[in-house]
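Some structures to go through are shown next.
Two complexes come next, and they have one chain in common, chain A, joined by chain B in the first and chain C in the second.
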Partner chain A sequence: MGLFTELKDSISRATDRLFSEQEPKRIGIYGPPNAGKTTLANRIARDWTGDAIGTESHIPHETRRARRKENVEIERNGKTVTIDIVDTPGVTTKVDYEEFTDEMSKDDAVRRSREATEGVAEAMHWLREDVDGVIYVLDSAEDPITQVNTMLIGIIESRDLPVLIFANKIDLDESSVKRIAEAFPQHETVPLSAKEGENMDEVYDNIAEYFG
Partner chain B sequence: MPHQCTNCGHTFPDGSKEMLSGCPDCGGNKFQFTPARPPERTSDNTQQAGSKADTAGSSAQRGAPGHERGGAHGRVSRATETVRDWVTTGREREESGSNSSETAERERSDSFPEWPDSARPPSERSGESSTDEPAGGARRNSPTQSPPASESARRDRSVRTGSRSTENPEDTAQADARSAVVSPDELPPHSGTAGEEADGADKADPPDHGRVVKEPSGERPSLEQLREELNDQFESIKVVKPGQYELNLMELYDREEYIVSLQEDGRYVIDVPDSWREGADDS
Partner chain C sequence: MMPEATEKETPDGVQIDLISGQRMDELASMEKIRMILDGVHAGNIVILEEGLTPDEESKLIEVTMAEISPDEFNGIEIETYPRSASKDSSLLGRLMGNDGPPAKLTVIGPANQIETLHKDETLISALVSRN
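The block that comes next holds the complex of A and B.
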């Protein structure tokens, strides 16, 4: 409950503060587990505020609570765009603790699994209630046509939210940006490697253009 | 299935009212009453079909999901096709001489009489009984093995449409049969269920005596399965077991309240939307 209250407080603080100026857009970073959402969120936050948002891990479902970084000011072409970044837990339709038992004890794996499930519920809730735009992060080395991706992008479209598709992990050999662009031709696809910092200029150009 | 459409061979259980609206397969309105058999014969016939569970099951599957026809009509047709498949496969087996199995021995010891031509689908009737012949005539003129009981049984029990019904004044049962609407319970079960029943029948020892089990009893499990499927579909989070979850994203997205945490026993802790507690906050 603490997190929820904190988020609510921060929303009302933001509301109080912003009588005169426009409220920063809340941009949700969504995507399946292990697509690199937190790595991207940390990259953006470090680039513009100096702080990180959350812990990155190669084990799926490291992020099990939505984390927010407020007032990230991104400067493009002499203009400043202020956004709140919400890093969300990876969305999936199945969570199984056995996925984690190689890395940790069964008890920890079960707990991680339960928290990950709560995280998905939270991510879906915020998508409904609290985001003004979406950065949808995909691992470009994986097949983008999955039930989760199709459903989530469908939901985002149904809400008319501005959405950018980020084809992450272009540093990997198996990466295919084309596959993602062809899977979702109705949206702008931006290639990047959040981990290596590749193509971040284009990333920020697009963020400023879409969410500014 | 004592009633049969004389046009296409579609069969109906005794007392069925569904033929009152015409044959669901071909629209025919002439039906014949298959010679009365002792109840255990019918039961035994089910066992036969059970012994051919693979064939019957697969034919049921073939009939079920592929069919486009929806609603009760489609279900009835499918079920009837399955029943016909059973009869057919049972007969074929008898004829092909593969009687070495236990079931076949039992059939033989019961000296099950060959189906009379009139009781078979047109495609299987013996040569001289032409399938092109007008439906009523084919039965009446057929010189083949109809037991003598059949004529009176027909008169007493067959539900006839058209000219016959105007010849004889209706008794109350007929009047009821004419006016009443078929209830779902009276319809044959879904063919998929029929296939499963056949599986069960195959395993169980065949009862020597006993009443014919009404086929619609098979409807219940399939309804329960359906309900379970629906529940699964609409549950936001299904706890398969601790640590294993299946999530319905649409449902999670759609619900106003927010699931904050899952308990070990499968309960949720939810946070209700502000709008729900406005009254409490304002007071």
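The block that comes next holds the complex of A and C.
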């Protein structure tokens, strides 16, 4: 009996160690440009670590490199879930530097578009190789049925990655969470405003449940 | 030797290449992507009878991004019809470990020439400029 108890304790300790030493899951924040991915990444990082991840901007393609915030510990119902947050550049199939020339010089616009294209390629690479789960962020004031969204959700599903859809910008008058939920009924849709910090409790409950 | 899908560009028209599923089946993933992008670079509209797998779509985006060049190539417009719901939920197909070919009609063209690419439930409509 003593031997059995000892063996049981030993297995239990080994299991605990195995799980405690498990690498935190890398959760990629994906979506089209200007959906509010960096605003969300910053909100999560500030809420749980005190630091921001990147610069936010109304000009598309502000995030042109994937950025990782490691060991973000989210506490829910007495349990702690540790994840790495990867903020990725917005995915698109086209980039035209003339889109930026109202806001900056031609040289800067060309540089921005070149960096943006590299960033999109990098985001796709992370998706194929390096993330364990995806938060897909959409601007709820925009039509969610676009080819990029359909393709990316298809790519994520084909890799069997757990995915949560975040209907962001619910503070805007034109916001429609229903439109997003109906476009992707196979996935959980969570409404929020990353900018205003609305509905973040439900956001963290879902992150802990899906990626914990 | 099979004929090239992208033939000589006519000076005042838009070439449309309709590529059969059979032809695509004979190609490796990167060959498919190369064929599509070579066509799009030449200003053609490429229509795939059976589309690409999600992995190939991911690589198409990545390679497209690498080839974007200011004032020369802005990227692509793309629209597809997904597989029918009945095919997606084929229990037998899933049990057999075979989801079958993607079988989705896909229209791809150069972003700077496709002025609008609109899709509704039964129609993809492209408005293409000649230059």
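Operating definition for what follows: the second predicted complex is superposed on the first by the 192 of 212 C-alpha atoms of A that agree within 3 Å, B and C clash if a C-alpha of one lies under 4 Å from a C-alpha of the other, contacts with A are read in each partner's own complex, and residues count from 1 in each chain.
We adopt the following convention: a residue touches a chain if its C-beta (ideal position, glycine included) is under 8 Å from a C-beta of that chain, and two chains touch if they have at least 3 such contacts.
Note that the structure is a prediction, hence the values are computed from the model and not measured.
Peer 1: Based on the superposition on chain A, does the combination of chain B and chain C result in a clash or a fit?
Peer 2: Aligned through their shared chain, the two binders clash on chain A.
Peer 1: Please indicate which partner A:150 is in contact with in the superposed arrangement: first for chain B, second for chain C, both, or neither.
Peer 2: second
Peer 1: If you stack the two complexes on chain A, which partner ends up touching A:91: first (chain B), second (chain C), both, or neither?
Peer 2: Once the two structures are laid over each other on A, A:91 reaches both partners.
Peer 1: Go through the superposed model and pick first if A:120 touches only chain B, second if only chain C, both, or neither.
Peer 2: In the superposition, A:120 contacts both chain B and chain C.
Peer 1: Check whether A:128 is in contact with chain B, with chain C, with both or with neither, and answer first, second, both or neither.
Peer 2: After superposing on A, A:128 lies in contact with both chain B and chain C.
Peer 1: Pick out the stretch of chain C that clashes with chain B after the overlay, from 23-31, 59-67 or 77-85.
Peer 2: 59-67
Peer 1: For chain A, what residues appear in both contact lists, the one with chain B and the one with chain C?
Peer 2: 91-97, 110, 113-114, 117-118, 120-121, 124-125, 127-128, 151, 155
Peer 1: Tell me, which parts of chain A touch chain C in their complex?
Peer 2: It is residues 91-97, 110, 113-114, 117-118, 120-121, 124-125, 127-128, 147, 150-151, 154-155, 157-159 of chain A that touch chain C.
Peer 1: In the complex, go through chain A and note every residue touching chain B.
Peer 2: Going by the criterion above, the answer is residues 1, 4, 91-98, 106, 109-110, 113-114, 117-118, 120-122, 124-125, 127-129, 148, 151-152, 155.
Peer 1: Enumerate the contact residues on chain B facing chain A in the complex.
Peer 2: 236-237, 242-250, 252-254, 258-262, 271
Peer 1: Given the complex with chain A, which residues does chain C contribute to the contact?
Peer 2: 53-55, 57-59, 61-62, 64-66, 68, 70, 74-80, 82, 111-112, 119
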